[in-house]
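Look at the two complexes coming up: subunit A is in both, with subunit B in one and subunit C in the other.
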Partner chain A sequence: MNIDDLLNDPIQYVKKTAQSCGRNVVAFFPVGVPIELIHAANLQQFPLIIMSEDFSAADAYMHTFACSLSRSVLQKFLSGDLDFVKAFIIPDICDSLWSLYNIVKLTDPNRKLYLFHYPPKKDDKSLNYFKGEIIKLWEFLKELSLSQSSEEILKDSITKFNEQRKLLRKLNNMRKSNSPPFSGTDFFKLMLAAFFMPVEHHIDMLNSILGNIEKWGTKKEGVRLLVSGHMVENVALIELIEESGGLIVADDMDIGSRHFSQDLAVRKDIFAGIAEHYLMTPSPYRHSVEDRAEYILKLAKEFDASGVIFLIRKFCDPYLFDYPILRRMLEEEGIPSLLLEYEFPFSAAILRNRVEAFIEMLR
Partner chain B sequence: MKKVRRSLRAARRITNFVIAHYLSAIEAHRRNKWVAWCTAVPPPIEILYAMDIQPLFPENYACVCAVRKETMELFRKSEADGYLQDLCSYARCVIGFLLGGKAPLGGMEKPDFLLSTKNVCSIYLKWWQVMSHYLKKPLLILDCPRITDKIEKYHIEYVKDQLVSLIEELEKITGESLDINRLRSSVELSRKAAELWHKSLDLRKNKPCPMGVTDASAAMFPYVVSAGARDAVEYYKMLYEEVKNRVKEGIGVVDEEKYRLVLSGIPYWHNLRLFNYLEEKYGAVFVYELYTATWGIYKPDPSKPLESLAYKSLFNPINLPGEWTVEWIVKVMKEYDADGVIMLSSRSCKATSLLHPAAQKVLSKEYDIPCLIIEADHTDERAYSDAQVKVRLDAFMEMLEARKEK
Partner chain C sequence: MYVAGIDVGAATAKCVIMDDGEIVGYEIIPVSYDLSESAKRVFNATLKKLGISADEIKSVVSTGYGRYNVPFAKKQVTEISCHGRGAIFLIPSTRTIIDIGGQDTKVIAINERGRVLDFVMNDKCAAGTGRFLEVMARVLDVKVEEMGEIALRAKKKVKISSTCTVFAESEVINHLVHKVPREDIIAGLVDAISSRVAALAQRVTIRPDVILTGGVAKNEAVRRSLSEKLGLEILRPKEPQIVGAIGAALFARDILQGKR
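For the complex of A and B:
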């Protein structure tokens, strides 16, 4: 299966892969949930990057002012499309997801759900508590697994993901060039694949791309941009920006640089290492806006971005709260930004107009 | 048209209580004491009172702005700066003030530090971070994990541990150490106030119901802002006596009480007259609000102050599983002999609203409890249409009437 097929029908892709590998499927919101644990428990990961255009079932159970990502998941859940999923990991990052957790539980009390807690601080007590959370999640996952697992296997998994991270960084660093060998659209597709594909396959793919980089992807010209947000669940959004004269050279996203910017250090206390890694990556669910600004500014400088686009889903509180201050802090450093609030299905014409106007201003 | 009683004397005294509360912060600064801006759902303000730190509550302040209909300029200010209308209207209101908007009562006295819990909504943390940024004052955070089953020992230990650190921080800020006996007395005052407040609420089981929703929503204020201080206890003594007297004399909110209702969600502060509409037109009285009952729902124990303050911070309905809320509603429907539930959803408050449709389904299917959901905004009157809301209320009341006749 190639990446486009995968992205066209992610549910089908996950089902097939799980079947061929003989694994149970665990679905999770890919926002700081340690994917290494899922891998080490020999489970098939299913990142809940799904979009629904029909909300008829979900609307009866959830208000329309919840974000459409949580509504999409609820829709698919209620219509039975996710019946093959053994368990759901829902990180407690926003009120839409906490409510989704509760609603799913009310409609189907027997469903296996795991609410994953993030402390909003970085001190030792928080780290220690978070480590406990990770161990609990590990135990939960091991029970779902069809095979035995161990800390040794977990170490191997971490090593694999670090290998993936290293390769992604290598590729990502090529975007620093004046004329990167591939577009932002290409990179985002690869990033989405990183969360869906078994990591071994993804590493093979990255190696073959790196071995033949001139043949991979499409070179594009455009105004250099950084995108910031949660994740891009539909590459069409990135394509739209690049078709409007932008070239995305860097990102501050969960399905993006937050995943690969740092290796996960294997410590003697393996769970402490995992906790530290996931607690330290700047993201709005737990960090201050100052921390986030620092991360974005550093990236913008390193990748020579002329502007920043905040890609934020309608009703996404954590990101919308940070936006006004981030905008101002970037402005103070001479970096203009644009808030692109979107909703699926989005109106391409309106978004394109706004992006074009922004890019015009940057030229 | 049903005849509606005048409000409780105690409720009318709230205006003075509110003014005194905001003045107390100015007074604290004059005496070289400290002021903290706190989230309104149980941060352990008993500790602050035991250390002479005056807490102020931005959420309550926003609610005061809404009741006085002085929010528009504040909304405009925050929206102009990029805070979209979908964001919590309480937050937009206070951020508008911080961005220079003109606010009632001369605005809120600025704090020396901020204290946020994380036990109701994810907005708390974000909103408090934003305020800490604008005010350039430190933000202290008390992390309270969501409870998916029951409150476990490790949850309590975690929060208690943080309370110890919090006290250390406060000692650094104030340069004074906490006297554990003072903390015990302040927890005792908090317990007493909670007990009296809930005893007053319990009296609404009587028929006719002696206290209405408007009075209850006003009378909860002292517990929110003064848990751990003496004035709250004095206030609830007075309230309890007055409500008890009403029961003794058989005085109800309306002369002919016909329907008894339970409320879920935050009152639409900009239009409290909506409640009068139900009382006057239908003789429908709210006998229980999940909202007002949230404060003081757990009575802390002065013999183990830190542990019980930790528990209090965790034990908040929105922090508990959805099933818990459903069972809670079922229980009070019975105990208060109520006819139906009205759920006031707010478009900008996901935490108190998103569960409504699913809860409504379960309540009506499994328990045959009629529920109506209204959708507007708790502070932002632009998201409210009086005519539409009344049409829906009318239809619901007709349905209740038909059920009664059956």
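For the complex of A and C:
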């Protein structure tokens, strides 16, 4: 199955892969949930992205100012399309996901749910607390597994994901060039695949791409941009930016550079290492906005981005609360930014108008 | 040598024809559902007014929401960039533009050459746009162009608290039920629209001179109320609806001169 087929029907992809590997499926929101734990428990990971643009069933339970991601997942859940999912990991990062957790619990009391808690700070106490949460999640996942697991296996999983991270960094660094060999659209497709595919398959894919980089992807010219947000669950959004004269050369996203910017260090206390890795990556759910600004500025400089587009799903509180401060901070550093708030299904004409105006401004 | 700028907006289509950097004529028409037809119609009406033929127009640039529906345009430029160019042409001291159109409201910061430095647009709903006033004009049985003058006669203004245009319409009906004078309701609506626009404007760094453009700029009460809320004088070009089309015509001239 190629990436486009996977993205056209992610549910079918997950079902087939789990079946062929003989694994149970665990769905999770890609907001910094340690994917290594799912892999080490020999479970098939299922990153929850927008899978429905019809929210009619979900809207009977959830207020319309919940984000389209939570409403789309609820819609699929209520329709029975996610019945094959053994368990859901729902992080407590925002009100929409809390609401989703409660509705799922109410409508299907027997469904296995794991509410994953993050500490809001990154001090020693928080780190210790988070380590405890990770151990609890690990125990939960091991119970779902059809095979035995151990800390040794977890170490192997971390090594594999670090190999994937290294290859993604190698590819990502090529975007620093004046004329990158591939577009932002190509890269985001590959990033989505990184979260869906078994890591071993994805590593093979990355090696084959790196071995023949000239033949992979589409070379594009355009105004160099950095995108910041949660993830690009629909690459049509990135295509729209690149068709309007932009070229995405860097990102500050969960399904993006936050996943691969640093290796996960294997410590003697393996869970402390995992906690540190996921807690230290700047994100709006558990960090000060200054950390995020520093991360974005560093990326913008390294990748020579002329501007930043904040690609934020409507009603996504964690990102929208950070935005006005980040905008000011970037402005002080002379980096122009644009807020592109989108909803699914999105209105291409309205978004295109803003992107074209932003690019005309940067040219 | 003649050049033209065509601005196909959500409510009206505007065409400006320039010759050697001077405006020689313009037209404003309401748009139909067929934006290409509206573009052609406004172009032909302007040509007819000036007594010149389409062949004499050496370059056309289109802008506005329907800019890709103008097949005879050489280039499309967003209304944001066009407003920057047009504003500097009309009032060279302009540094901030507040444009209240039929469907959207934008605030644009520009430099002394009319280049855009920053911009924000409304992205929630029709509240704070020309459409808001159009809807209310229908309920109040007044012409939208008379609303400014009526509002200035108000003794007091009612509070319109709903952000949503549809809910605000219900509030207006409720005031009518309670026999609140029409001018007081319109003054309340003017206050509501200018509050929303002022909140949007403060997201960019506002530098004087500030000019108000778009169809709603013709409403003197909105201009005064906005000026009061932002605490600075707001200027208005003689014809505030054609600023984008002027900018487009200037971009059309650039093409002839080999720029951009």
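In this section, the second predicted complex is superposed on the first by the 363 of 363 C-alpha atoms of A that agree within 3 Å, B and C clash if a C-alpha of one lies under 4 Å from a C-alpha of the other, contacts with A are read in each partner's own complex, and residues count from 1 in each chain.
Everything that follows uses one rule, which is that a residue touches a chain if its C-beta (ideal position, glycine included) is under 8 Å from a C-beta of that chain, and two chains touch if they have at least 3 such contacts.
Owing to the predicted nature of the structure, the values given are computational and were not obtained by experimental measurement.
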Discussion item. Contacts for A:P181 in the overlay, against subunit B (first) and subunit C (second): which applies, first, second, both or neither?
Written reply: neither
Worksheet item: Looking at subunit A, does subunit C or subunit B touch more of its residues?
Response: B
Discussion item. Which partner chains sit in contact with A:M361 here, subunit B, subunit C, both or neither? Use first/second/both/neither.
Written reply: second
Worksheet item: Is A:I325 contacted by the first partner subunit B, the second partner subunit C, both or neither?
Response: first
Discussion item. Applying the document's definition of touch, where does A:G222 land relative to subunit B and subunit C: first, second, both, or neither?
Written reply: neither
Discussion item. One more residue to check, A:P198. First (subunit B), second (subunit C), both or neither?
Written reply: neither
Worksheet item: Once the shared chain is lined up, is A:E341 touching subunit B (first), subunit C (second), both, or neither of them?
Response: both
Worksheet item: For subunit A, what residues appear in both contact lists, the one with subunit B and the one with subunit C?
Response: 324, 341
Worksheet entry | Parts of subunit A lying in touch with subunit B, wherever the complex brings them together | 59-63, 65-66, 92-96, 98-99, 101-103, 105-107, 109, 113, 115, 117, 119-121, 123, 125-126, 129, 132, 284-286, 288-290, 314-315, 317-318, 320-325, 327, 339, 341
Worksheet entry | subunit B to subunit A touching residues, read off their complex | 81-84, 86-88, 91, 118, 121-123, 125-127, 129-130, 132-133, 139, 141, 143, 145-146, 148, 154, 158, 161-162, 165, 321-323, 326, 345, 347-348, 350-351, 353-359, 361-362, 375
Discussion item. Quick check on the complex: what are the subunit A residues that touch subunit C?
Written reply: 324, 336, 341, 349-350, 353-354, 356-357, 360-361
Worksheet item: Hey, which residues of subunit C end up touching subunit A in the complex?
Response: 65, 77-81, 115-119, 121, 123, 203
